[in-house]
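A short write-up of the structure that comes next.
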Amino acid sequence: MNGNPIVEGFIEAINLIVTLNPQVVEITIRSLYISLTATFFASLIALPLGALIYFYEFRGKHAVISTLQTLYALPTVIVGLIVFLFLSNIGPLGFLRLLYTPGGMVVAQTILIIPLLMGLTVSALSGIDRDKRYTITALGANRLQTVVTIIAEARFAVMAGVLLGFGRAIAEVGTVMIVGGNIRGATRVLTTAIALNTSMANYSLSIALGIILLGVALGVNIALSLVQRR
Amino acid sequence: MNGNPIVEGFIEAINLIVTLNPQVVEITIRSLYISLTATFFASLIALPLGALIYFYEFRGKHAVISTLQTLYALPTVIVGLIVFLFLSNIGPLGFLRLLYTPGGMVVAQTILIIPLLMGLTVSALSGIDRDKRYTITALGANRLQTVVTIIAEARFAVMAGVLLGFGRAIAEVGTVMIVGGNIRGATRVLTTAIALNTSMANYSLSIALGIILLGVALGVNIALSLVQRR
Amino acid sequence: MTIIEAHNIRKSYGSLEVLHDVDLSVREGEVFALIGPSGSGKSTLLRILDLIEPPSAGELSVFGIATVEDRGRWLDLRRRMGMLFQRPIVFNASVYDNVAMGLRYRSAPGDEIDRKVKGALEAVGLSRYVGSRATDLSGGEQQRVALSRVLVTEPEILFLDEPTANLDPGSTATIEAIVTSLNREAGMTVLISTHDLMQGQRLAHRVGVMIEGTIAQTGPSREIFHEPKDRRIARFVGIQNIIPGRVVSLREGLTVVVEAGGKQILSATPPPGEEVEMVVRGEDISLHRREPGFEEAENLFPATVTAIEPTAPFVNVTVHCGCDLVALVTARRAETLGLHDGMLVWVSLQAKAVHLIPRSGAG
Amino acid sequence: MTIIEAHNIRKSYGSLEVLHDVDLSVREGEVFALIGPSGSGKSTLLRILDLIEPPSAGELSVFGIATVEDRGRWLDLRRRMGMLFQRPIVFNASVYDNVAMGLRYRSAPGDEIDRKVKGALEAVGLSRYVGSRATDLSGGEQQRVALSRVLVTEPEILFLDEPTANLDPGSTATIEAIVTSLNREAGMTVLISTHDLMQGQRLAHRVGVMIEGTIAQTGPSREIFHEPKDRRIARFVGIQNIIPGRVVSLREGLTVVVEAGGKQILSATPPPGEEVEMVVRGEDISLHRREPGFEEAENLFPATVTAIEPTAPFVNVTVHCGCDLVALVTARRAETLGLHDGMLVWVSLQAKAVHLIPRSGAG
Amino acid sequence: AGCTSPAPGGNETPNATAATTAPAGGAIVLRIATTTSLENTGLLAELERVYENETGVDLQFIAQGTGQSIDSARRGDVDMVLVHAPALEQQFIDDGYGINPRCIAYNYFIIVGPASDPAGIANMSPVEAFRTIYAAGTNNTPGVAFVSRGDNSGTHNQEKVLWEEAGYNYTTEILNAGAWYVEAGKGMGDTLILANEKGAYTLSDEGTYLSFADRLNLVPVIAEGTELLNRYSAIAVNPAKYPSVNAEGATDFINWLISDEAKEIIGNFGTEEFGKPLFIPLYAPECTEPPFNCTCAEPVPT
């Protein structure tokens, strides 16, 4: 038995970062790229949808919100599997040839975090007080303008939701493993590398990669809060 | 290739539920038990801690909240690995003999969702207006009474956070796989069963189990909102 | 010309009926004040008239256009109106961006926005805050930002929902002055809700009293304050004396009413029934040290002072003269009269200051 | 006995200094009103005195106990006080549970809680809502729930932060009556902040004027309203006439001041300097149709009416007599006088109604 | 090797990075589904490095569960498979989805267990050993337990074969045989860790065991016997079923795999790290005879 893998993981993380290990740099950038892109597309879809759900009173609104909250519990493997079945050669979207590509991984993660982002957007907007809504309407905003204004106003809470979504995307392994295939040099990302190294008992390397992943998440977090504070 | 695994998954799910397949019932109950217990303990720890962070102004408060948000991106595999290293025979807590037991899985999931629950509690309480805090203080509440009152007042938002935490716990596979070991009849839960069946290409069974998992989450969701509405 | 015409408006939230049987018509260029107790539905009615929320039932036409049938035109109509809310609402952006919102929604050209925003901030005295974050301003300043945000859109109808409830007298005066001049100079139609009765009186041509979800009385403020239609309105407008009585005869065009103690009181109101209540404002009751020789008031009688309660700058004086009457005199007059408990005074009261309403069942 | 003694209190939020140099001492059994413009720091001061927030600097003793050194005792001290906030704050629970909160925090026995809560709800007329969800009540009702929640804890000092700003006159009167009787009967010390100057006058033994983060003047309300210490206070308390002048001589114990137009005006204030401003309340100026023979006012001169502005139930009359003066007369008196633009009137003004303050630089 | 220097041919091994830069756009991609245990040995990374250097073809290995990788091939999502599950392979070929099977190499499964060998199976034949473990397990002999992969992988299938050969019906007698028989339902590495923590016996492929050996207390108890043979094969996906697959690339790669150059690489792999090779390349005519019975030399016609 060699030393403590957690301590060694820290040392190794520092080592990998200092030496800018090209493989690690590559998969880190890929992770970031895929999860940021997925978060971006998911936000593009989920924020307006969430705002619409928040805005309009309709029958079954409560059920929709409950469903969204339930979908927080959607296992990543299931999402991965379903996306895989769609993108697979013989699946309905096989012709897109997205399976085992970063593009497919973006699709999978986008789908994975949409319910979360929608649900959190609804919650974030619910924090906006009714009089502000009335004010926006009274000022003559049309629907789109209303949605944009209200999201801008709740930007701190919405951003917290987006961050949570990004965190879920970059930390998850189920969908990217199934849809991406963890192909070295093509679709390997931090989490699949961690899973692989764990299965190979390279615990300290796993922990090192985990630390790098957290560092990346922290960076995104700080970057976003700087943007926000402007 | 046989029929569409998604459709078959639905049929199989109904079949498993109707026939009360004893294996499925067993792992479903185990999943529920582990994740509910973990959510309970995590809430017990994270809610008061979150309330304290929200309440007290201290240097570095912003950094603490940022850190919590960053920890949302903690990969489950890493948490599983670290808990594993602690609980393993040669680990510092090996004497507890919790490795490969449901107890150990509860510990791992509890640790996994604590940052999330803390962060979401802080957010939920931030929605409470300052004057309410002043009112509670002015009425002569001591610290504990203040925390309890404010959590009770923000119970809808806090519960949404707890639900999100529960969702994350019951849907994750990384920690339970490593710490629990997916041992049939002992530590196999819905997500590890899904992972196993997926690796065996039993896709429709995976999807069936995913549907059951969502059903369970929906049940918890509805139960909680009924409790809340009382 | 009638600019707002509402008929039979009803509004429910879930099972709670907030408005019912609301009829209202407002003329172009008019200042109309809605007064009424808290929770009576003033804000809800204003929101409906501003087309922010649809009524549950009823007819509403704005600018002569019926709105119920044609929700497609709501946005256009709404853009010709503006509303200021009770709580100062500002958005987490600069003062400039806050004031520019309405214009941006209307896709106004950039230079026009710039000119108008700066002009409006000048007018409310907030020029130096143009770049500040609006949420950092004090309540009064925020309300002025909100007002300029509405005014830059040059609404033809301006709704003000208790615009000064949270403001100090200085900020209140500023806002009242702006509203008055917009009405006088730009001919803007103004609907204001307020629970400051004096504000209603100061600003409005006509006042509507909202009680429990409906407009119970409409008229010039003098009428509302001196000739309320029923007991609830009388109570709400702060009338101190509501005395039950019975009409006994008519004399020289005046109604003679006998109150419980047997005293006869003359009123200029034609009898609304046999069982009536006399409604007399405290400030219409004059007190004298001795019988005034020159007095032309139709009612004149001696009474005993039973209570003196200063409510600066006035004094509430309760006198007993068969029934109890509360008179409101200025502190200076109270001093001059040398009022004290048990003192004998003469009460004079013009017949036209005694308003009669039908006796209502409940107390 | 002094129950609250604050000295040199300062409070900053980040870089924003909200309070500075606040000195205040309140006697047991006193009703003290804080008035001041919005944003001047009234609420902040009340929170500090109620030990909800610590001051950034300064000394504060409550019930004779110095608080700065000993934060361990804050909870005990705070439990002997109570505070009602401006916005009605109720918790999402039943009315009963809302009112019981303070007692539960003090671990009162269940039957005592039951008795007190029911009694308090009775007193504010909300008995029938005991089981309702507090958040469903109207604003006025919620504020009454909040008041009973404070009162059941039987505070020795009651802080009221603009308790009636959002309420209609009826609810306001109820709350004022309760406060007055608690002070008179239970000897409760009351600190109330308000921007309703009349409310301050009505309720308080003493008034403090808060301007820009400090208490600029303290005294009985008559003094504050008639003898403000400086121009800002004069403005705030709504004095219509602030006329610059120069002290020329003393005559029979009165100060003779010449204003810009050359007119001599007598004041009973000893001269605070050579360059002064005369501060005269509009309601202290009497107007007469012809020269009054019997008048004892030290200042008497003819003038021309230049503007008449009704602000019911009063009328603002601007007269020109060298300088412009605004007189406040009742609507009835204006009618009696038959006032009209350009009319010649006589103005009488007692020397003691002319208050002098040192001339300040800024306008 | 310590944890600080990644495992054999570690997929993160810095020395492997030279060849990993993504091929320029337009490079021919060949997708190969394979099993995690094979990927974990690091052999594939080595083959990839050499082959990509020689041909410029972008080899993409997708490591999945055994069932999953054959299923991927059945769906035409990959161009070929590289697996070690003879029964599943045969089914795949018989169903018409797989063509041109070539066996490449073999090694042995090993039965590992605690050094104390509580069931006393050392020096037994594999089948005897299984019988002994069964007896000890069902008698509740303290310390005797067996961890099964339980995931229908090649290794798991081999284990089932051994139980059958030992005379038990796997489904009725072994599953649910008692607490001593633990079904892990996970990959080989995790199963070894699990067995290690429980001090149990398990069946492992040699490669995975060697790469985990430094963190295990388990020792190989039985490493001999033809029953423990572990044969690796490459099979192309039938382009008649899926015209879109890269059949040509698969043919080329299979032909390269059976070339002497590749066999040499395979035959040397692991010597540096473990002091002995992990795989033994198969040559004709040995491969055509029992116990192999497969094709290993005949090039696939292009």
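All chains are identified by letter, namely A, B, C, D and E, in their written order; residue positions are counted from 1 within each chain.
Quick note on the criterion: a residue touches a chain if its C-beta (ideal position, glycine included) is under 8 Å from a C-beta of that chain, and two chains touch if they have at least 3 such contacts.
Bear in mind the structure is a predicted one, so any value in this text is a computation, not a measurement.
Peer 1: What is the minimum number of touch steps required to go from chain D to chain E?
Peer 2: The fewest touching-chain steps linking chain D to chain E number 2.
Peer 1: Could you name all chains that are in contact with chain A and with chain D at the same time?
Peer 2: B, C
Peer 1: Comparing centres built from CA atoms, which chain ends up most distant from chain D?
Peer 2: E
Peer 1: Pick out whichever of the two, A-E or B-E, is joined by more C-beta pairs in contact.
Peer 2: Between the two chain pairs, A-E has more contacting C-beta pairs.
Peer 1: Can you give the whole-Å distance between the Cα centres of chain C and chain D?
Peer 2: Those two chain centres are 24 Å apart.
Peer 1: Could you state the distance in Å from the CA-based centre of chain A to that of chain E?
Peer 2: One centre to the other, that is 34 Å.
Peer 1: Please report how many Å separate the Cα centroid of chain A from that of chain C, as a whole number.
Peer 2: 55
Peer 1: If you look at chain B, which of its residues touch at least two other chains?
Peer 2: 1, 178, 198, 203
Peer 1: Of all residues in chain C, which are in touch with two or more distinct other chains?
Peer 2: Within chain C, residues 86 contact more than one other chain.
Peer 1: Residues touching two or more other chains, restricted to chain E: which are they?
Peer 2: Within chain E, residues 64, 75, 190 contact more than one other chain.
Peer 1: Judged by the touch rule stated earlier, which pairs of chains are there in contact?
Peer 2: A-B, A-C, A-E, B-D, B-E, C-D
Peer 1: So in the complex, which bits of chain A are touching chain B?
Peer 2: It comes out as residues 1, 4-6, 66-67, 69-78, 81-82, 85, 90, 116, 123, 127, 157, 160, 163-164, 166-168, 170-174, 178, 190-191, 194-195, 198, 203, 206-207, 210, 213-214, 216-218, 221-222, 225.
Peer 1: Contact residues on chain A for chain E in the complex?
Peer 2: Residues of chain A touching chain E: 1-3, 5, 8, 11-12, 15, 21-24, 26, 88-90, 99-100, 181-186, 188, 193, 196-197, 199-205.
Peer 1: Which residues of chain E touch chain B once you look at their complex with the stated criterion?
Peer 2: Interface residues on chain E, with respect to chain B: 64-68, 70-71, 74-75, 150-153, 182-186, 190, 194, 197-198.
Peer 1: Using the touch definition from the top, list the residues of chain B that touch chain D in their complex.
Peer 2: Going by the criterion above, the answer is residues 131-132, 134-142, 145, 149, 152-153, 155.
Peer 1: Write out the stretch or stretches of chain D touching chain C in their complex.
Peer 2: Touching chain C: residues 36-39, 86, 138-141, 165-171, 195, 197-198, 201-202, 221-222, 225, 235-236, 238, 283, 310-313, 330, 332 of chain D.
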